[in-house]
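My structure is below; once you've seen it, I'll send some questions.
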Amino acid sequence: MEDRFKKGMSILSITNGDKIEEIFKELEDIAPDLGRFIVEFPYSEIYTREEVDLKTRELCTVAALTALGHATPQLKDHIGAALNAGNSPKEIVEIIMQMSAYAGFPAAINGVMAAKEVFKKRDLLPVE
Amino acid sequence: MEDRFKKGMSILSITNGDKIEEIFKELEDIAPDLGRFIVEFPYSEIYTREEVDLKTRELCTVAALTALGHATPQLKDHIGAALNAGNSPKEIVEIIMQMSAYAGFPAAINGVMAAKEVFKKRDLLPVE
Amino acid sequence: MEDRFKKGMSILSITNGDKIEEIFKELEDIAPDLGRFIVEFPYSEIYTREEVDLKTRELCTVAALTALGHATPQLKDHIGAALNAGNSPKEIVEIIMQMSAYAGFPAAINGVMAAKEVFKKRDLLPVE
Amino acid sequence: MEDRFKKGMSILSITNGDKIEEIFKELEDIAPDLGRFIVEFPYSEIYTREEVDLKTRELCTVAALTALGHATPQLKDHIGAALNAGNSPKEIVEIIMQMSAYAGFPAAINGVMAAKEVFKKRDLLPVE
Amino acid sequence: MEDRFKKGMSILSITNGDKIEEIFKELEDIAPDLGRFIVEFPYSEIYTREEVDLKTRELCTVAALTALGHATPQLKDHIGAALNAGNSPKEIVEIIMQMSAYAGFPAAINGVMAAKEVFKKRDLLPVE
Amino acid sequence: MEDRFKKGMSILSITNGDKIEEIFKELEDIAPDLGRFIVEFPYSEIYTREEVDLKTRELCTVAALTALGHATPQLKDHIGAALNAGNSPKEIVEIIMQMSAYAGFPAAINGVMAAKEVFKKRDLLPVE
C-alpha cells in the first residue's frame, strides 16, 4: 500500500506537487481516502506506465477535460501539470482549440479561458 | 475556398482518407455541406497547424472522444487515424485506459472495445 | 388527471401519435407510469402552451437531443415529430448541422445519420 | 391540480422545504410554472411512491447529480435533502466517492466539495 | 478569407456584435485564431444559410446550450442573441423550460437563472 | 497487490461474478490491466467499505449510469448487480424513472429499456 502511494507521489511531484497537497488539505476533514485513491490509482497505476510519456499524458487529459466541460478546477490543475510535464503554452492552447471540433466552441472557449488564468499566474502571457 | 478544402484533404489523406470518402458518400443526399465543413474547418484550419504534430493531435482526439462517450463511430475513425498518424496500438490503449480517471470506467471500457474492433480489422491483436 | 392525459394526447396525436403508442406498449410490463408521465408532464403541461408553436418546439428538441448525443431513439422520434409539426427536411438538417458548433462534429454527424434513417422511411431523400 | 401540488409539497416539507421556497421566489418573475412543475411532477408523482424510501431516493439523486457534474446548485440542494431524509454525512460522502469509478475523479472531487459546503453550514464537519 | 470573415461579422452584428468584440479581446493574447474560427465557421458558414431564420436558429442554440448545461457564459450570450434576433423573453423562457423534459430540471432551472441575469440587465423583468 | 485483487473479487462474486469474467476475457488481448484496475480500485477500495451496503451502492450506480446515458452495457451489468445485491425489479425501475427529473425522459426511457432486457433474461417480467 505504502509503495503504491509513494509511486504515485513521485509522479505528482513532477506534474502537480503543490496541487495534490492542496487537495489533501481540502479533503482532510471530509473524504481523506479520496485523496489517497487519486494518488494510488491514476498516478501510481497509470501515469507511471512507460508506454506514453508524461508530457503526452497530461496533454490528453487537458483535451478530455476541455471536452467534458464540467470540471474547470481540475482542467486548470491539469493545464498546470501539462506545463510542468514539458508542454509549451502554445501546445496546450492548440489542443484546447482542437476540441472545438469534438465538443463545440463553448467548451473550447471555456478551456482557453481556464488556460489564460493558469498562464497569467505563471506570467506566460501573451502566448506567441 | 477550393484551397482550404485541398489543404484539409491533404491532412485527411494521411490520417483518414478512406473514412472521409465514406462520410462524404453518407452525407451526399442529405447534408453534403457538413462533409465540406469537416474538411475546411478542423482539418484545414486546425490539424494543419504546426504547433502540435498529427500523432499527438489524433491521440488527444481519441482521449476526448473516449471521455465524451457518446460518439462511438467517430471514436473508431479516430483510433484508425491515430494509428495512421504513427501511434502504436499500445499508446492508444494506454490513453484510453487513462480516461477511466477522468470519465469513469464505463467510458474507458467502451473505448477499449472500440479500439479492439479497429485493431482486429487491421490484424493488430493481441496488443503487447 | 384524466384531463391532463387527454390534453397531452391531443398534442401527441399531431406530433407523434404512433410512437407514443409504441412506447406505451414497450413500457406496459415494466414501467407503465413512465409513459403516463411523458403524456401528462411535457406534452400536457409544456407543449400545449401557446407562447411557442409546435413546429418551433420540436425543432428545438431536435437541436437539444442532437447536442446531448446519447439519446438516438428519442432523437429519431423527435425528427419524425418535427416533420409532423411542419418542419421541412431541410430545416431539420440545418439545425442538426448547426449543432456542430455547440456540441462538435461527431454529434452533428450522428444527428444527420439519425435524420437520414427517418427521412428514408418516409421517402424524403434526397433532401434538396 | 391543487391536490398534486399539495402532495408534492408534503414530500418537500420533509426533504427540502426551505429550498423550494427559495426556488419559487427566484422563478416568480420569470418562470413561476417551472417551480410548480417541480412540485407536481417529480415530487408529487415520483417521490411519493412507496417502492423506494425517501432516504434512498435522495442518495440516488446525489449520485446522479455528482456524476452529471454540471448542476452544482442542485447537487447542494439534494445533499441537504439527503441529510434531511435520514442519510448520514458519511453515507453521502461514500456515494459521492463511489462516483469516481463511473464519472471520473473530477466529478467526485467536485461532489465532495459541494458536500463540504453543505456540511459546513450545518456544522457537520469533520465527517468521521 | 477576408470575405468569410466579413460574412460572419454581418450576422454577428445583428445577433451579438458586442459580445464577439469582448471575446476577441479576451482571446487576443492567447488564442486569437479561435475568435476568427467562430466568425468564419458557424457564423459565416451556417447562420448565413437561408433555410432557417436567425430567430429560430438562436432559439435552437439556447435549447441546446441549456440541455448541455456546462456552458453558462455562452448560454447567456446566446440568450442575448436570441433576443436580438427577435425572440421575446417569453419565448426564450418557454424553450428553456421545455428542456426539463430532455435534460432534467437542474439544467432547466440553471437555464432560467441564466436568462434572468440577461433579462435583468436589459430591464426585461418580470416576464409576462 | 494480491490481497487487493482478492478483496475486490469477493465483492464481485456477490454482485457480478459472471460479468467480470466476461470483461476479463474481452480485455485479455488488449488491456488486461484495465480489468485488474476495476477489481482493485472500485471493488476493492470502495464497494468493500461498510458505510453503505452493497444493495444501496448498486442502486446508486444504476441511477448514475442511467443519468449519464452513454454507458448502456455497463448500465445493464449494474442492473444485474443491483438485483444480485438484493434490490427488487420494482425498486430498480423506480430509481430509473426518478432519473427523468434529473437527466430527462430520454435517459429514463433508455434506462428502463436496458432494465427490461436484463429482467427478460432472468424471467422477471412483468414487474408488478
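Structural remarks
Note that the chains are named A, B, C, D, E and F in the order they appear, and that numbering of residues resets to 1 at the start of each chain.
By definition in this document, a contact is a pair of C-beta atoms (placed from the backbone, for glycine too) under 8 Å apart; a residue touches a chain by one contact, two chains touch by 3 or more.
What you see is a predicted model; the values in this text were computed from it and never measured.
Identification of common neighbours of chain A and chain F yields B, C, D, E.
Comparing the centres of all chains, each the average of its CA atoms, the largest separation from chain C belongs to A.
Note: the chain lying farthest from chain F is E, by mean C-alpha position.
Comparing chain pairs A-B and B-F by the number of C-beta pairs in contact, the larger count belongs to A-B. Each chain gets one centre point, the mean of its Cα atoms, and the points for chain C and chain F are 30 Å apart. Look at where the CA atoms of chain C average out and do the same for chain E: the two points lie 22 Å apart. Annotation for chain D: residues touching 2 or more other chains are 33, 37-38, 41-42, 65, 67-71, 74, 97, 99-107.
In terms of inter-chain touching, the protein chains here all touch one another pairwise. On the chain C side of its complex with chain F, the touching residues are 23, 26-31, 33-34, 37-38, 42, 65, 68-71, 73-74. Across the complex, chain D is touched by residues 38, 41-42, 46-47, 49, 51-52, 56-57, 59-68, 71, 74, 88, 90-91, 93-95, 97-103 of chain F. Within the complex formed with chain B, the residues of chain E that make contact are 33, 37, 41, 45. Listing the residues of chain A that touch chain C in their complex gives 67, 99-107. Within the complex formed with chain B, the chain C residues making contact are 68-70, 89, 93, 96-97, 100, 104-110, 112-113, 115-116, 119, 125-127.
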